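First chain written, first letter: the chains are A, B, C and D, and each begins at residue 1.
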Amino acid sequence: MIDILRRITREPLGMIGLVLVVLIVISALLAGVIAPYDPIELRIVDRLQGPSAAHLLGTDQLGRDLFSRVLYGGQVALKVALISIGAALGVGVLFGMIAGFGPRWLDNIIMLFFDTIRSFPTVMFALATVALVGPSLETVIAVIVVTTIPNYGRVVRTQTLSIRSNEFIKAERAMGASMVRILGVHVLPNVIGPLMILASMDIPTVIALEAGLSFLGMGVKPPTPSWGSILNDGYTLIRNTPWPIIAGSIPLVLITLGFTFLGESLRDLIDPKLRKNI
Amino acid sequence: MQTKQRNKLILNPDRRQFLQTSGALGFAAATGALPQIVYAQGKKILKVRAYADMRSLDPALSQGITDEEIHSCIYSKLIQYKPGREWGWQLDAAESLEQLDDTHIKFKLKQDIMFTNGYGEMTAEDVKYSFERILDEKVESTNKPDWGSLKEVVVDGKYEGTIVFDEPYPPAWNIALPYIVGNIVCKKAWEEAGGRIDTTTPCGSGPYVHKEWQPKQKTILARNPDWHGGTAAFDEIHIFPIDDENTAQIAFESGDIDYTRVSLSAVVNLKASPPENSTVEDYPSLYYVWVGMNVENEVTSNQNLRKAIQHCIDVPSILQASYFGAAGAATGIIAPGLIGHREKSMVPPTADITKAKEYLAAAGMDSASVTLDVLNKAANVTTAQVIQATCAQAGINVDVNLHESGAFWSLGDKSAGERYKDVQLILNRFSMAPDPSYATAWFVTDQRGVWNWEWYSDAEFDKLEAAAKANSDQAARHQMYQKMQDMMEESGAYRFITHEATPVIYRNTIKPAFRPDGLPLLRNFSAA
Amino acid sequence: MNDALLTIRDLSVHYHTDRGELKAMRHVNMDVPGGSIVGVVGESGCGKSTLISSIIRLLASNAIIPCGSITFEGRDLLGLSREEMRRLRGDRISIVFQDPMSTLNPVLSIGRQMVDIQYRSSASRAHKIKRATEMLASVGISDPGSRLKQFPHEFSGGMQQRISIAMALQAEPALLIADEPTTALDATLEVQIIHLLKKLQTDIGCSILFISHHLGVIAELCDYVVVMYAGEVVEEGTTREVFHNPAHPYTERLLRCDPASIATKTRSLPTIPGEIPDLVTLPQGCIFKNRCEHVMTQCEHLVPAWIESHSGHFVSCHLAAKPGND
Amino acid sequence: MLFYLIKRLALGVVIVMLAVTLLFCMIHLVPGDPARILLGPRATPELIAGMSARMGLDQPLPIQILLFFGNLFRGDLGMDVITNRPVADMVFGQLPYTLWLIFTAIGFAMVIGIPLGCYSALHRNTLIDRVTGVLSVACITVPAFVVALYSLLIFAVTLNWFPAVGAGEQGNFWDQVRHIVLPALAIGLSWIGYLARLVRASMLEVMGENHIRTARAYGLPERVVVFRYALKLAVLPTVTVIGVGMGFLLSAALFTEIVFARPGIGKLIFDSITTRNYPVVMGSVLVSTVLFVISTTLSDLVNAWLDPRIRSSL
């Protein structure tokens, strides 16, 4: 682990990625300490200001400090990303393994469901869900979980299938090893690497999705600060002042850069195919 | 942007009543179109924006202001709204029009008004058919209430007739004759079509004819060479449905259109540096935005709590934050310029936290927690957050629930389950036509659980509402409507916010024509 | 060995790594005489692959060559431009790789690949196809004409290796490098491939540099053998001399722990206790000292010299240098 | 091969039916009475009941589903109760605009993204690789609506190179082309970045494979090695991603159709969902899931065409 970290820091892009991710995570966690203002406190007299020493990224239409909102928005983004990807991973791994190791008919059914979910345009699924339960952080998370499960499930299934046909697994099954043991001991460790890489590259996608949903007015509840809702407000204000949309875009771009570079250098390091050049 | 779209459809249906759209910004407003004159291929073309796509060419099935903007170009009415800053009307197909008594209006058509496509001359029979079909159950017109107590139209001659009401119906002059249900269609053509039409029309008699509809792209109107009123100003009018106000403004700036409503947030900058060769103008609007409180809900049934909340809501802050200072505070549900408008509200626009705390104490509470349901449009969300912040100062915690439009508009619907009981505070916005009866109709006892989501009920209010609609004494009506708003406010179930505003921008190559509420009268647009 | 086709002198190759310079190959000397087969033997990590890569100049991007020369047909390969080197590859020097299943491009037909590598020739396409067909036939593939249209995955591993050999020899190179061409194959196939190579070598008259860890194959095929350990050549001589008279303890151990080597096929090199030293921080003295049964005091500090223990038989060991042994 | 196609299509039909059924159930649960919303506040209960009946909403759920499939079988997607037009006409009237938009966007993305990815992979860790890396990731992130808006402000308003809104004059091909450039770029930008990263990664992977070493060992010119031997393999994942990406593309199309006021199926779906115009929702969802099935099948076929290993496993 430490070895991998050390190797990442030797790659300029990996280093940038790591620094960005650490920076964003820390600033989100410490938002309460760093943020110069209360992110939900209104100061209507100070509304729609450009960047200044007092307000690094300016203020929004309610006079709230955008820099503080961006910092706190990081908490929402990370929460959405971690919870939804964690849950999607968990369910995806479970279903993927069942599909890979279970009987053929079960595999077919699960894959059919995965394909069905994927065939729905995400936005439509989100719209229907939001209409059903109303916009909130939990809704966003639920939508993301459901729509990303197939991604992980498929990877796990493929890995499981290939491991299943391995000689040593066959031998172990013949010796009566339980399914749970085989999955836990042989399959899980094999899929965890690729999944982690996939997940780290999915984090920005998920965060962007939250922003998109907020843009359609289907994101988090006010006054919770989220990058999507900052962008959303910014869009309607854009002919008045560009600052809110810029403030909303910056963290989104940074976190995507961070996780993508980190994910890619992880992959370059872990994937043996790429590694042999080193 | 978000706002735009989702509402659009909804808006249309009710053009009159509520508009939900985003509230402030704009989409809501049913603006229509914007023009620009293009002399392409030697043709003079007016290009305007509508906030939504056309739905029907049949006035009976008209679903809102966008449809009416088209209908008023291709059909004639006895009278039309007069462009300008004050509400008024002018003759169109009628040569004369006269209120005989409280329940009879006598009209005489101009001669030689020809329907297009060879359908012949317009007669009093056509007027009778057009008006009475609105009442016909089989036509299923949702615009039926606009005709109030219309009984029948009696034909007195080829060109003459009498409109007969069961009881006095003064709103006819404001919202029936010059508006949607006042459009005159050709009896013969409509009967041939089976009594109603959809998206093509057999004939019209207005300055323009309907040439083509490209769904979600544009509607094209072309000059009617045989128009009785002279020669229409443009060879063609192109109406583009554009939901998003940012996009509409960009379309204007890039020269794609000649006129549009613009968003309130852009107005300040536009006025400071308007695009070359264009004019920005402010018009008031008739929309009314208010916070309603459900008097039947366990929490908000406490009148003192409701009054505390009334005093907690700081309208000037909302006007700043959500409406960019471009709209004024509302004193009730009836906008300035209309009969029944109140000069001031009983609870001043500015919040009074001390008073709120007194009411809270009177309610026997030192703090409270309520929910506020809002439609997920930018302005509404901003408003909700201002309310949240000021209420917190008085110890009232407001939990904001966002809803997308489909869910929002069924919130208080008692036929859609039990959800209506959970409504506590609701930020609402209705549109209306220029007669006060249009506004008060929703707050009577019968409307509880339909559109009266506050469940406000007062026998005296109901009585006044019925009487005011049928009273032809304008001064008396004025007082009655003022009184009704007083009653609403006193109940504590309403906090009036604003009537919004309609800022428009147009190219100086055209001379636009607007109703006093800033909605375009396309048939009156001309080249500068 | 004077009129050698390929001469390697004092060749070192290092890799830049996170931990520092990895000295993968150090001061290697070697000759491949014309028309002969030279075997290179050693366990994995001994620098065999680096050796091949440096001859054909396809080293990884983090490799550097601090010293040495590679002379082929009188030209110093290290001094050639990339373009000149590229022209040499596949024409005068060809190579057959270890894992036949991944050697050929999976999405192009065999015929396409065999025609492509004749790009230097100005012959017509039909002629090139004919040439490819002949080559396939010569490596024992039946119905070569129609099989040209097939893709690698439609052939077995042994077949694919035959195709690789056909491709490598198509241009009748002067030097064929065979990098463990039989490791991935089973014993019967291995024998077939060995015989095929030998036959073709005779027909074409080329030299072969044959890399293997399988002593039996080396013994059967090669005229000369070079033993590598941890990036150094530790012994070199005729096959007969080295096998019957191993002068380096490492060679001795190799032969000893694989007594049946000539008959039995092994998947991996016979195991010798101990590990290869860290090539980033090289130990002082003899590189083999930590695993040597005969380790002596001078081995600790002194690098053994490269000496000719018999005529044409070179070794790098203090034992060989002992006066008594002379 | 034929068998495979038949199997795929049968599976596709099952997926579509499953999706539609799922949607029916969701619709059933979603609050908001479509008839009431469509007719507005002045509608009487009778009018609402009449419209509900016309939309088939007064039937029990299973009957609604059966009716839908029954009509579908006869090629009937139902009628839009608002404009009284067949839903099929509405959907197929809007579909071409979205398809052109998506194809153009993907075209941009492939023409720019694939070469960019190749270049980065072949010049790994150079300055240009890093700059394109940062740029392409940044492209991925910036939300389509922001790109759309700024491209309008820059190219339509300030520079006036392209028209701002709409899809152009019907029948005027050149005008339609001019209208598609900005929206296609707005969607395509993130795909340019995405494809560039993807191709870079798979190119790096392919370039590390043994057969590339073989090709080089035969002295094949680098040009041939890269474009004939490596690229074909490197684009395989791209094809799959584009095939599966149909859902994302439809979503992205929605945003640009809103901002550019373009006609299209994304907007049709969005509008009909928010107004609870269920017949239109069903029709357009059906078509979009069919699109997804077709595009994944197509991408599998293209992969099979490119990769003989897949071909022979079909």
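Simple rule for what comes next: contacts are C-beta pairs under 8 Å (C-beta built on N, C-alpha and C of every residue); 3 or more make two chains touch, one makes a residue touch a chain.
Since the structure is predicted, the reported quantities are computational estimates derived from the model, not experimental observations.
Common neighbours of chain C and chain D (chains touching each): A.
Placing every chain at the mean of its C-alpha atoms, the farthest one from chain C is found to be B. With centres computed from CA atoms alone, D is the chain lying nearest the middle of all the protein shown.
We define each chain's centre as the mean of its Cα atoms; on that basis chain A and chain D are separated by 22 Å.
Distance from the chain A centre to the chain B centre is 44 Å, each centre being the mean of its Cα atoms.
The geometric centre of chain B is 88 Å away from that of chain C, both derived from CA atoms. Averaging C-alpha coordinates per chain places the centre of chain B 37 Å away from that of chain D. Shown for chain C are the residues in touch with two or more other chains, of which there are none. Multi-chain contact residues of chain D (touching two or more other chains) are listed as 30-32, 145, 149, 209, 270, 273-274. For chain B, the set of residues that touch two or more other chains comprises 1, 6, 246, 404, 406-407. The set of touching chain pairs reads A-B, A-C, A-D, B-D, C-D, using the touch definition from the header. Chain contact summary for the complex, chain D toward chain B: residues 30-33, 36-47, 50, 82-85, 90, 93-94, 145, 149, 152-153, 156-157, 160, 163-167, 170, 258-264, 267-268, 270-271, 273-277.
If you check the complex, the residues on chain A that touch chain D are 12-13, 112-113, 115-116, 118-124, 127-129, 131-132, 204, 208, 211-212, 215, 231, 235, 238, 245, 249, 252-253, 256-257, 260-261, 264, 267-268, 271, 273-274, 276-277. By the touch rule above, chain B contacts chain A in their complex via residues 1-3, 6, 22, 25, 245-246, 249, 263, 265-266, 268-270, 317, 320-322, 324, 376-379, 381-382, 384-386, 388-389, 400-404, 406-407.
Note for the complex: chain D touches chain A at residues 11, 14-16, 18-19, 22-23, 26-27, 29-32, 125, 130, 133-134, 137-138, 140-146, 149, 197, 201, 204-205, 208-209, 244, 247-248, 250-251, 254-255, 266, 269-270, 273-274, 285, 288-289, 292-293, 296. On chain A, the positions that touch chain B within their shared complex are 40-42, 44, 47, 61-63, 127, 130-131, 134-136, 215-218, 221-223, 232-233, 235-240.
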